[in-house]
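Here come two complexes built around chain A, the first alongside chain B, the second alongside chain C.
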Partner chain A sequence: MSKTVVTGLGVAAPTGLGLSEYWDTTLAGRSGIDRISRFDASSYPARLAGEITDFTAEEYLPNRLLPQTDRMTRLALVCADWAFEDSGIVPAEMPDYEAGVITASHAGGFEFGQNELRALWSKGGQYVSAYQSFAWFYAVNSGQISIRNGLRGPSSVVVSDQAGGVDAIAQARRQIRNGTRVVISGAVDASICPWGWVAQMAGGRLSTSEKPSRAYLPFDDDACGHIVGEGGALIVLEDAEHARERGTEVYGEIAGHASTMDPRPGSGREPTLQKAIERALVDAAATPDEIGVVFADAAAVPTLDQIEAEAITKVFGPRGVPVTAPKTMTGRLYSGAGPLDLTAAFLTMRDGVIPPTIGSSRSDRYDIDLVAGEPRTAAPGAALVLSRGQGGFNSAMVVRSGY
Partner chain B sequence: MNRRVVVTGVGVTAPGGVGAKSFWGLIADGRTATRSLSFFDASSFRSQVAAEVDFDGDLLGLTPQEIRRMDRAAQFAVVTARESVTDSGLEFDAVDPNRIGVTIGSAVGATMGLDQEYRTVSDGGRLELVDHTYAVPHLYNYLTPGAFATEVAWATGAEGPSTVVSTGCTSGLDAIGYAAEIIREGSAEVMIAGATDAPISPITVACFDAIKATTPRNEDPEHASRPFDASRNGFVLGEGAAVFVLEELENARRRGAKIYAEVSGYATRSNAYHMTGLKSDGKEMAEAIRNALDEARLDPADIDYINAHGSGTRQNDRHETAAFKRSLGEHAYRAPVSSIKSMVGHSLGAIGSIEIAASVLAMANDVVPPTANLHTPDPECDLDYVPLTARDWKTDAVLSVGSGFGGFQSAVVLAEPHGRQR
Partner chain C sequence: MSSGDSFTLDDFRRVLREGAGFDESVDLDGDIMDSTFEELGYESLALLETGSRIERDYGIRLDEDKMASVVNPRALIDMVNEQLRYGGNT
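Entry: the complex of A and B
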């Protein structure tokens, strides 16, 4: 079976626009979490977020695209441009049907939808934009990336809450195995608007802390929920042969994946994250020893942290592998989180340094080797990325530096 | 990758018929379920026609709490999944839950729930800073449609790979393609796969009004969906769900399951052209059809029936007619083609799966459902669209296609698994 390698990365995160800015900030342990600036959040219990504050769509995209795109689509289009640029692939020069796009989405263009719902209910149906027919829906980023880059190959969109980004990349790998040469995949989410905020708060997992440095503390005794962020990453996946023929540099391989669904609460059955990890290792033909770092899902809800720490400990042994959560600097990016963690995993393997988890202190409750506070020098040849979604979704992906 | 995937259970919730049996009765009779939109006062909208499901969750076995926490589309999915599971006769308790997964397609998720909740928390659009104290506790389940896969998994005990596929109006085909691939690669033995949508809500009606995609034939709602007819002027918004049990062929044979059809080919391509527009040449859909036939190892001449996208917009009807000719050659003129959207409307992401249900039931009954309301074909649509009445027709292989916003073009080939050499 042909191998799937990564040759391009494009990032938009609260900690940096573009790969190098994101990585420098991440290794320096600088947080992108602060008080919400986009709207007045003082009347809401949760008031902090990981916002991207320096993105001006007009700098990167033609004016005609602006009225028909939500913020998350603009960010995704720019990430896709950067990822292709990084890979050296000029999509327009690819033969027809040999390149596709598979993204994940969490809430679609929720802010666009908010504005049109407001027009509908305050003024009337005739004030709803024609673009509402597609600008908010979950498939919009795949559609727009396809159009901008002329991608006619197999394309798709998956939704599985925060696990979706990893599931999308797994689906992209399936298409490469089926013969598509190049698939750009990943996700960008952004729904920091009043309507999105109220819907997210209803999920019951947001931190209401007022202090950015103490608000999102996975695996800490003071864990009190998570902070919402915006952004994500798009990743160019390529058939290994195709990459070799082009003579291009490769970040590494998408080596293994598995996803599971937790049983219904109250069913008395065990959570399934551990099974996802074990199966992803089998899929990658990897032993636990080979994994040099785990990028944790890091829910920062004590029961969920416990489940994740136990799953890691059962597979790798007590403190058997370094565990990190650089998303403590960005907040949880929903479907953007997995692709951003995968990006960090490839850069970790390239540079031999594991980015830190900030804010959290090691807790005796969890028998994991948390990379807390400072980056750690290491030389992992393989990494495991975990992504869980509300509603029972678990997704685990193994990546390797070589191929 | 020698595993073959078959359909062993069918569930349908469609306008005019809850349950696969009454759905088939409707479309085999050529009756239409389109009517004047009744869910809300639509008098200020351009299009006031819809294909609505008469759905009573209580009667269909949902608990009060399930009804409270689920959007209408999730309710459809759960009820329909249960029907397909029962129909399959599969003892779910005898299968490792980790080997059962869920794939649910949906174009617009919990649109109805979001529309209603926004109205409340914004106090009718008056508040820009919407009031969280008025939000229902399960609003998060509306925020992201992953909840559809969760609800189906929790209703059926599945703990394997589960996700929602959301590719607009091809979601219902793509979900089946996705699930079949999960079985083929060995990540699951059984997949509960299908699609659901319940978009008949003011925000959806308004946005399709704005691009004149839906029909304004309000005075004659029962005959408003008129694919391939010269007088057609847009689609009729619908709702519904279809869910299947998919299994690996050998497992299904071993347990003596009733096998409706093999999911023998699937492909999707994008036109990379326009979010809502289609070029008239049908090139990318033709490419998807060719690839799906290749995967099924079938020739165009093997296709007995084409279940069309047939939405009833001029650009679609011409686009796919061209795609059939481009991919199937002369056989496009010989194979019967029909659009069940003429009877059950266009339920966006759900319809692809509902059309797969129509396709496997056509195979089971050797009857091709008709295109209702087709009296005067558009001269540019010159294929055999099976006007008005169903046709007795030996149907062993079906091509079902879909086309959607975002440029997605998908094709599924379903065939009798017996005797074919691979």
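Entry: the complex of A and C
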């Protein structure tokens, strides 16, 4: 079966716009979490977020796209441009139907939707933008990336909360195995607006801490829920033969994936994250000792941290593998989280340095080797990325540096 | 909102830019009366949004079937002016 390799990365995160800014900030351990500036959050219980503060869509996108796009779509379009540029692929030069786009979405275009619903209820239906017909929609990032780049190959959207970004890339890998040469995949989410905020508060897992440095502390005794962030990554996936023919540099291979669904709460049955890890390893034909770093889902909810730490310990042994969560600097990016962690995993393997988990001090309850505070020099040849979504979604993906 | 009692090419340009943006490679300020919307870089949804904004800004109703057959600014401007003049009686 043909292998799926990664040849391009495009990033927009609270810790940096573009790959090099993101990676420099991440290795330096600088947080992008601060008080919300995009709306007045003073009356909400959760007031911190990982915001992208220096993005001006007008700098990057044609004017025609602005009235019809939510913030998450604008960020996704720019990430896609950067990922293609990084890969050296010019989409317009690809034959029709040989390149597709598969993204994930957590909430769709919430801010756009909020503005149009406000217009509907305060002024009337005539004031609702015609573009509301698609701008809020989960599939809109795939659609707009497809239109902008002329990608007419297999395209779709995956919705499985925070597991979605990894699941989308797994779907892209299936399409490449089925014969598609290039798929751009990943996710960008951004719903830091009052309506999005209320919806996320209803999930019951948001940190209400006021102190950015103590607000999102996975695997810490003081874990108190998570901070929401915005952004994500788009990744150019390519049939290994196609990449070889082009003679291009390759970050590595998408080597294995599995997703599982937890049993319903109260059933008494075991959670299934461990099973997802084991199956992803089998899919990659990898042994646990081949994995040199784990990028944790890092829920920062004690019961969920416990489940994740136990799953890692059972597969890799007590403190058997370095575990890190650079998302402590960005907040949880929902669908964007997995693709951003995969990006960090490829850069970790390229540079031989594992980015740190900031803020957290490992609780004695968890027998994991947490890379806390400072980056760590290492030479992992393979990495494992974990991503969980609310409602029982677990996804695990194994990547390798070579192919 | 309108310049005088009629809907001009400049009014059209303003509503179009506000609702649907503009293609940087097209000179909207040039002689565009008989250019097709497609040549100007607009798809049917852009026209729908533009029609909807004209309706609410000028307090008129534009016939949906007629709107669907409008291909260039001249036809749209004529249609709007016809409604402004006779809209109340038809």
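We adopt the following convention: the second predicted complex is superposed on the first by the 403 of 403 C-alpha atoms of A that agree within 3 Å, B and C clash if a C-alpha of one lies under 4 Å from a C-alpha of the other, contacts with A are read in each partner's own complex, and residues count from 1 in each chain.
Methods note: a residue touches a chain if its C-beta (ideal position, glycine included) is under 8 Å from a C-beta of that chain, and two chains touch if they have at least 3 such contacts.
From a predicted model like this one, the values you see are computed outputs, not experimental measurements.
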Superposition on chain A - do chain B and chain C clash or fit: fit
Partner chain(s) touched by A:Ala202 [first = chain B, second = chain C, both, neither]: first
Touching partner for A:Ser401 - first (chain B), second (chain C), both, neither: neither
Following superposition on chain A: angle at chain A, chain B versus chain C, Cα, nearest 10°: 60
Partner touching more residues of chain A, whether chain B or chain C: B
Which superposed partner A:Ser31 touches (first chain B, second chain C, both, neither): neither
Contacts of A:Asp40 with chain B and chain C, given as first, second, both or neither: first
A:Ser129 touches, of chain B and chain C: first, second, both or neither? both
Which of chain B and chain C A:Leu65 touches, first, second, both or neither: second
Smallest separation of CA atoms, chain C relative to chain B, angstrom: 5
Intersection of chain A interface sets (partners chain B, chain C): 68, 126, 129-130, 133
Chain B residues touching chain A - in the complex, by the definition given at the top: 44-45, 97-98, 101-102, 107-109, 114-115, 118-119, 121-122, 124-126, 128-132, 135-147, 149-150, 153-154, 157-168, 171, 174, 178, 181, 185, 187, 202-203, 205-211, 213, 267-276, 284, 287, 404-408
For the chain A and chain B complex, residues of the former touching the latter: 39-40, 43-45, 68, 96-97, 100-101, 105-108, 110, 113-114, 116-126, 128-130, 132-134, 137-140, 142-144, 146-147, 149-161, 163-164, 167, 171, 174, 191, 194-204, 258-264, 269, 272, 275, 334, 389-393
In the complex with chain A, residue positions of chain C that touch it: 18-24, 41, 45-46, 48-49, 52, 55-56
Of all residues in chain A, those that touch chain C in their complex: 62-68, 126-127, 129-131, 133
